[in-house]
Structures are given as C-alpha cells and as structure tokens.
Amino acid sequence: MKTVYFDHAATTPVDRRVLDAMLPYFSEQYGNPSELHRLGREARAAVEAARAQVAAVLGAGEKEIVFTAGGTESDNLALFGGLARSQPGHLIVSAIEHPAVMEAARALNRQGWAVDFIPVDGDGIVDVDAYEQAFRDDTRLASVMFANNVVGSVQPVAALARIAHEKGALFHTDAVQAVGSLPVDVGELGVDLLSLSGHKLYGPKGIGALYVKRGTRLQPILHGGGHERRLRSGTENVPGIVGLGVAMTTAAAQLPEVRPRLERLRDKLAAGVAERIPEVTSLGHPTQRLPGNVAFSVRYVEGESMLLRLDAHGFMVSSGSACASGSLEPSHVVLALGLRAEDAHGSMRISLGRENTEEEVDAFLEAFPPIVDKLRQMSPLYVKG
Amino acid sequence: MKTVYFDHAATTPVDRRVLDAMLPYFSEQYGNPSELHRLGREARAAVEAARAQVAAVLGAGEKEIVFTAGGTESDNLALFGGLARSQPGHLIVSAIEHPAVMEAARALNRQGWAVDFIPVDGDGIVDVDAYEQAFRDDTRLASVMFANNVVGSVQPVAALARIAHEKGALFHTDAVQAVGSLPVDVGELGVDLLSLSGHKLYGPKGIGALYVKRGTRLQPILHGGGHERRLRSGTENVPGIVGLGVAMTTAAAQLPEVRPRLERLRDKLAAGVAERIPEVTSLGHPTQRLPGNVAFSVRYVEGESMLLRLDAHGFMVSSGSACASGSLEPSHVVLALGLRAEDAHGSMRISLGRENTEEEVDAFLEAFPPIVDKLRQMSPLYVKG
Amino acid sequence: MYTDLVMDHFTNPRNVGEIEDADGVGQIGNPVCGDVMRISIAVDDKDRIADVKFKTFGCGAAVATSSMVTEMVMGKSLEEAADISNKAVAEALGGLPPNKMHCSNLAADALHLAIQDYLVKNGREADVEQFLKALPKEREHSSH
Amino acid sequence: MYTDLVMDHFTNPRNVGEIEDADGVGQIGNPVCGDVMRISIAVDDKDRIADVKFKTFGCGAAVATSSMVTEMVMGKSLEEAADISNKAVAEALGGLPPNKMHCSNLAADALHLAIQDYLVKNGREADVEQFLKALPKEREHSSH
C-alpha cells in the first residue's frame, strides 16, 4: 500500500542533504570538539560552522545560538534559565502553549511563581489586550509561541515582544513549528529568547537550539564541563549540530518555493473536507496559519478512531498534539478555542510537508468521507441515520 | 600521515554496526514514537527494543531505563531529580567527580544544600572511612563515579552504595567511563541511579541513559509532553536510542575479548613510558583501573604542549579531561591525588580503544621520548641540560 | 500499542448497529470524556442472548472492547453474560494499553446495563440483584 | 583554536635557548599557573638587541608568543622593543583564543624584564622609567 505522510508537525524525515552532511561525523570525523588534537579541532570547526548557519538563517549573531537536545530543552532552558536569578515573581504564557512551555510554567508555579495563562480567540490568536493587562510589576518573562502545533495559528510575536519590553519583562517565543516553515528573523521580532527543534524542519531528532539575545542573563539547567558558553554542558552532538545547520540552510532556501505551494494544498484540503463532510468545524485562523496545517473537528466521531482508520488506508495524520502521556483528555488547545469537549474529541490535524503532492491531497479527499461516514454510522451520538 | 587515536575516554567512533542500525531511522522510519499511525508505532517499537537492550546489559528492568541526551544530562537528572522533593539537606560527592556531577553539586550548594567532597588516596581511590563518616542525618544522596575519566581509577561502588543505604541515603554512580569497558550490573552494585553515555561506548553523541531503580522517587528536569514515563520530556531521539541499544549489546559481547587485550596494551604502554622517560609519575591505581587508561605526569613540561606535538606526529591524546571552559587550571582530579600544581600541569591521558593495536603502542613509545626531550630542552624549569 | 486482535476488532467491528425493538438497551460513558457505548440485546425465551449489537463513540480501544463483548456474549445465557467483566474483555483482546484501561474499557458495563434494562422491563427486579452483583452505578466515570 | 601562525611558531619555535653570559635576563610566570617564560638578550653598543633567546614552560600559546616576541625584537633598539606589548604579540600571531590571552600571553613582559635587567646592570636606572612605562610589577599573575 502506498502511504501518505501528513504528520509533519509531529516530525519530519531527515532531508537527504542533511543526512549526507551528518554521516562523516559518526565514524570518521568523530572527535570531541573540546579536544585540542586534529579530530577535536575538526569537530569544533564543524560545530562552529553549523552555528553560523543557524545564526544566519535567524538573523542572529553566532554567539547568540546555544545548541540543545531539542525543542523541549530549549523551552525549559528559556523559562528556568531566564528566571533562575530572580526571586519568584510573575510569569505570562499563552493558554495554547506546547506542553514543553506549559509544564515548565506549571513547575515554576509549584516553585512559587505566579503564572497567568492568556486566552486566545476562536481562531486561536492570543488576546493582545488580555496579554497587555496581565503584566504586573513583578512580571519577569512572557512566553507566547510563534505558531501553534495543533491548530496552526500564528501569533503577533513582534507586537507581543514589544509590549513585554515596555513592561520590563523578557520575551520568549517557542518557534519550534515556525522555523523552517515561515520566515523567522530575531531582529524583526525583537524577542530575547527563541526555541527551535531540528526534527521539525527535516533535521535530526535530539537536537535543537535556543537563540539568546546578546546581554540576556541566563542560567544553565544542565551543569558540567561548561560547553556552549557555559549555558549548556555536555559533549556536543556533532552530527546532530551539523545536521541542524544544513537543515536550517536548506529550509530557508526552499521556503519561498515551498511555502506558497503548501498553502495552496492546505487550502484545497481544508476546503475539500468542508465541502464533502457535513458538520465539520475548521480550527485555527483562516489565513494567519502555518503553511502546511489543516485542523478541524468532526462531530460525532472520536479523533483516534479516525486516525487509525486513515492509517489503515495509508494516511498518517494526528488527532492533535503528540503527547507521550497518552492522555485521553481533549487537546487543551482545541478547548481554548472554545470548542465543547465532545467536539474537541473529534479533532484532527493534518500537517503537510515538502514532499506531499496534490495527488496525495486528492487521494485523501477521496478516502476520508467514507471513513467518517462509517464511524458516524457506528456512533451512538449520530442522530441522522 | 597515519594517525593514531588514543583518546577514547573523550569520545569513540560510532561502530559500523551501530551506525547501520541507526540509518533507517533518519529518513525512512522517521516516525515520532508518540504518534499512533504506522510510522509512529514502528518508532515506538524501535525505542522499546533499544530500551530492552540497554536494560539487559545492565541487568535492569526495562522500566528502569530513562533515555537522556547524554552523560551530563543523566548526572544532572540524578542529582537534581533525586533531590527535588526534599528540603535542602546534605549531599556527598567524591573529590574526583566529572564536572557534570561536580557542577551539579555546586549548583545545589548555591540552592542551599550542604555538600561534602570526599578525598581520594594517592591512587585515586575514594577514602571509604572519610566517606562513611561524612554521612549526616540529613544526607539524602551520595554520588561517586564508577571509574574516573582522567586517571582511570575504579571505585568500590558496591561497598559505597551499601554504606549510603545503611545511612538512609540514595546512591548514584556516574558510570559513563565504565559502561562498555567493564562489567556493570546494577543488581550486583545495588545502586539507585546510574548514568551512562552513548558516545563513550562506540555509540552516537547526544544520547545517554539513566538507570532509575524501581521505586526511586525522581522529579524531571525537562518538563513537557511527559515522555519517558514523565521523567524526561522531549521527542525521543529515535536513531540515537537505537544506536545506544546496539552499542550496549555490542560492547557487552566484545568485553570478554577486548578487556584483557586493552589491559595488556595499557600495561605495556605505561611500562614503556616509565622505562624510557625519567621523572614521570604514573597516575591512578596500578590495577584497579579502566582497561584502556594510561595516565601520567611528566615533570618540567606542560600537558598541552605535549599533546600538540604528539598531534603533529599523528597521535591524538588528551591532557586531562575535555573541558569546554578552556580552563587553564590543572585538573582537579590530578590535584586530588596529591600532585603539586606544577606537576599536575604536566599530566597526560592516553585512552586506548577497540581498534588500537600493539603496533600503535610501539609507535607511540618511539615517538614520545624525543618530544618530551625537546620540550624539556625548551623548559626553563628543567635543570639537567 | 494495540494488539493485533484489538486492531482487528477495531477495523472489522463485529455486530455494529442497533437492534430494532431490542429487549434491553444499555448506554454508558459521556461524550465529554470521549467515550459513549450503547449495547442492545435480544433475549430468547431460554434467557439466552439471541442477538447483540453495539454503537460506540470513542477510540480504538472503545470500539474494540465493544465489538469483543458482543462476540463473547452472543448466544450466552444472561447469567453467563453478567459474569463477564471489563477486565475479561481486555484480556480476551490480549490486553490494552494502561491508559486505555480505565475510560475506554466500559463495554461490559454497557452490556450489564442492557441486561438490567431487560430484567426490569420484564418485572424481574429480583434477578438484577442476583445476576449483576457489580453493576455499574452510573459510575464516577460518567461525570469526570 | 590556534591560528596557523601560532601552530607554526609552536611547532618550529624560533630562537629557543639561553644566551650564555646574557646582557639581560627576564623571567615571568609561575609553574603553579602552568606558564614560565625566560628571555635572555644580548645588547650591542648601539642599544640594539643583537641576540635574543627564550625558554618556556607552558601551553602552545605560551611557546608561540615567546617565539614570536623574539622574532619581533631581533635587531630592534631597546626603545622599540620596550614598546611591544603582549597584545601586539598576540596580534602578530593572528590572535589567540580568549582563554589564552590572560595567562599564556606574557612574553612581552618577560622581554621587558630582560631589558630592565640589562639597564639596571649597566647603571641606567633612569632609562628604565623612560623605556618601560608599563613594566610588569611582578604582576598579580605570578601569585594567583
């Protein structure tokens, strides 16, 4: 069976060029960058070249890039590291953050920090007034994601950063879903901290970066040999770092071509689903959204059962965020948009990527309606027989 | 120029079998293990199979293995995670820990924990009496490394763990240098927490594991999606995890053959250096040491200059621990053995690995004495002209 | 995460639907929680389950346990059917992931409610007590 | 981390050794800190450095800066030599890693001490002041 991968927001395949660039660093150029001998120096040079690539794509300085083990670590480093020096005060996050920010904020809350969760509107865009009013004298940091991983909505990050700075707070954005899919320039955004992750942009898993604006005081969360300008100890994951560098460069180069193409496929897919299936609610903002994200809720059926049936037909999608906890709760993001819990259970996310084609979209639009139909026939909630 | 890699304690090349096992997981089997579709399920199965491999080698249960991004993260998770629930109390570490434990202990100290650093004898073995006497009513955890990364000395871990338990404290061992080189069985050791790192045992960089004995209460340091039984959030580094599993299995299978071979080369090398070069002090315990570790201090010359000259002759060694801080301080480990600072500056570490041969050892013994001689001729400290 | 048997029951669910003029109907769960199961039974004059059908809103486990329970009780006596527990259904499927054991494994409860419905409708309240010792009492589940 | 020029000076250090019956000798550093440099000079009757040699215990940067400084001052007047700073030596080498700038970059200081030694030995204390404004005063370095 031909399979169609529509789950690029969960993870992406490593690009051939990325893997080719990484390969020498496993068994040949395997030096530890901290060592002074030839293999060590060559590894160091590779790490620094990758840092320059990441920095260039973000419009950052090389010294502003800290390599981490992924988006989750970057988010945790931003929040815990950015707040470590201060006495517990106040922290602002949006209501639709990824668990990596959400749970870090909750952990800070248990340590004595007051946390405000800023609501979003029905399209999944942060309520800027509520955000602005949430600042207090002791607000140290605000964190609002660049683009949401479930419903794809893109936030007004530059405006939010400006407000945080007016209030004297640091601003962090989790740009894990945005980097590689949308132009992200730290200068234009004016953020202090920005998280990204390799495996969301055709790079490897287990590598990420945190942009730390020059002058931002940050404490490490991993202590040790003092790597990454003392901000992140641990022997550098050289192949991963090299891969991230190439993935960033490749994504940036392809963006002008890929983005409009995915937006067209996205809109076709969303329109096709809405046309063919009654009682579907589309989720997220109609235009202010990730190029590859289509999200909707199907009444009377449950997300996992749609996902598994689609999988049996070769289509790989997600019922929401990939959450290892295996929670059965409906997505907090979809609930934050105002959906009733029973409808939130019927939500589904399709995330398109570079290699997807119009044929695949068409095939999906063929396959999906009968699946929904069959599940609705099986549903005790579905009244119209 | 033929090069000879003698720096396996810093890092190792990824074994061919390991890399081959990893390769499909980059661009083909690239699923996110948290996703329910086929690619996700296959990735989940690969992760769990690797967990079983790691657990089997350590004599642990599968549920006792937490994957991390490396030895540093494992050490930090053990110390911060093992102590998070308690009120600040007392913590015991040895004086020769790797910075990953040392700096974590110092950070805990800044958070209000009392820390005792237990001295070692001239051979680099922890003073068991001093260790035992250091325990207080509020001692929550003791951490003593299995084998030292600089001078190779192997600690009496089982006895130290037993004492900690008698005193009602948790026991952690940093076994990053030991796993793969020596038999390590958590049941025989009786430890609660044990750290290991992939790139020290012919696995990839950026992956590690923490053994967490069933029933041990641990808090995460990375918060998010709840991966790894909530102990370590972040999308799993699937290729890295698969690589670690195969690296563990391969190392364990080869250990009975590799270990005696390396010990013989090690002893030949150490004896050869001592024979050919006057005023050399060998470091660490004569027999209770890592199979591949040769460490010594050469009077009147400085470590880096030896290292760089050896590198120019194709021999890659280390002047001590690979420390990204680029500190010019002499190794705290060598000082803890009782060497004077000026002599500690002349220390060097050779760490042999699987692929090293007797010819390489012989070549080193040829090349090294003239290098020392030349440097001594250049040294204002060297009196005998 | 699901066994092959779970996937088989999910992909090819047995006995989907609703029995017209059923002798007993049981429904459990709550759409807010993401799982609703309805089971209808036809009972013959020997107190045997002559037919059983289900409708389920829920995840793979919810569908599979519903399907499995209908297969397990088809043709069984009410007394035998009443003895089947959620745990037995999960075991018959070769096990369920831990996080699916609590909320999505309610098919036996729905069946028991259908049996109760039948008994009550037929004036046999006394048998309810006898057959259904561990009857779900509109469990905590439905409201959480 | 080291420039090619640093590596060249380290691998093929110029002017290694000790001038017998030197006109001036300067030593700086401390073995405890891991760097000791000794520079000896021969001065001709036109106050020019006719010969200069070094001995150094230390890292690559320490050796390279020592070698470089001897090359820079060979044949220069004492006044010109006195003007050379540690910074100038590092620049002549194409730069040094940041962590090597402080402790391992003392060769110019050793040279200045050698010049001072020569001047004092020859009763020219007055010139010390003039030539060597920024003379290292047995710096903090030696004791830290």
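For clarity, chains are labelled A, B, C and D in written order, and residue numbers in each chain start from 1.
Note that in this section a residue touches a chain if its C-beta (ideal position, glycine included) is under 8 Å from a C-beta of that chain, and two chains touch if they have at least 3 such contacts.
These figures come from a predicted structure and were not determined experimentally.
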item	value
Most distant chain from chain A, judged by the mean position of its C-alpha atoms	D
Between chain D and chain B, distance of the C-alpha-averaged centres to the nearest whole Å	40
Chain centre separation (chain A, chain D; CA means) in Å	55
CA centroid of chain A to CA centroid of chain B, Å	34
Shared-contact residues (touching 2 or more other chains) in chain D	60
Shared interface positions of chain B, touching two or more other chains	36, 304, 308, 325, 327
Chains that touch, pairwise	A-B, A-C, A-D, B-C, B-D
Of all residues in chain A, those that touch chain B in their complex	3, 5, 7, 10-16, 19, 22, 26-28, 30-40, 69-73, 75-76, 98-100, 102-104, 106-107, 197, 199, 204-207, 221-228, 230, 233-240, 304, 307-308, 310-311, 316-319, 321-325, 327
Partner chain A, residues of chain D touching it in the complex	1, 60
Contact footprint of chain C on chain B as seen in their complex	36, 41, 44
Residue numbers on chain D that touch chain B, as the complex places them	7, 10-11, 13, 16, 27, 31-38, 55-60, 62-63, 97-100, 103-104
Sites on chain B touched by chain D in the complex	300-305, 308-309, 312, 325-328, 330, 340-342, 345, 377-382
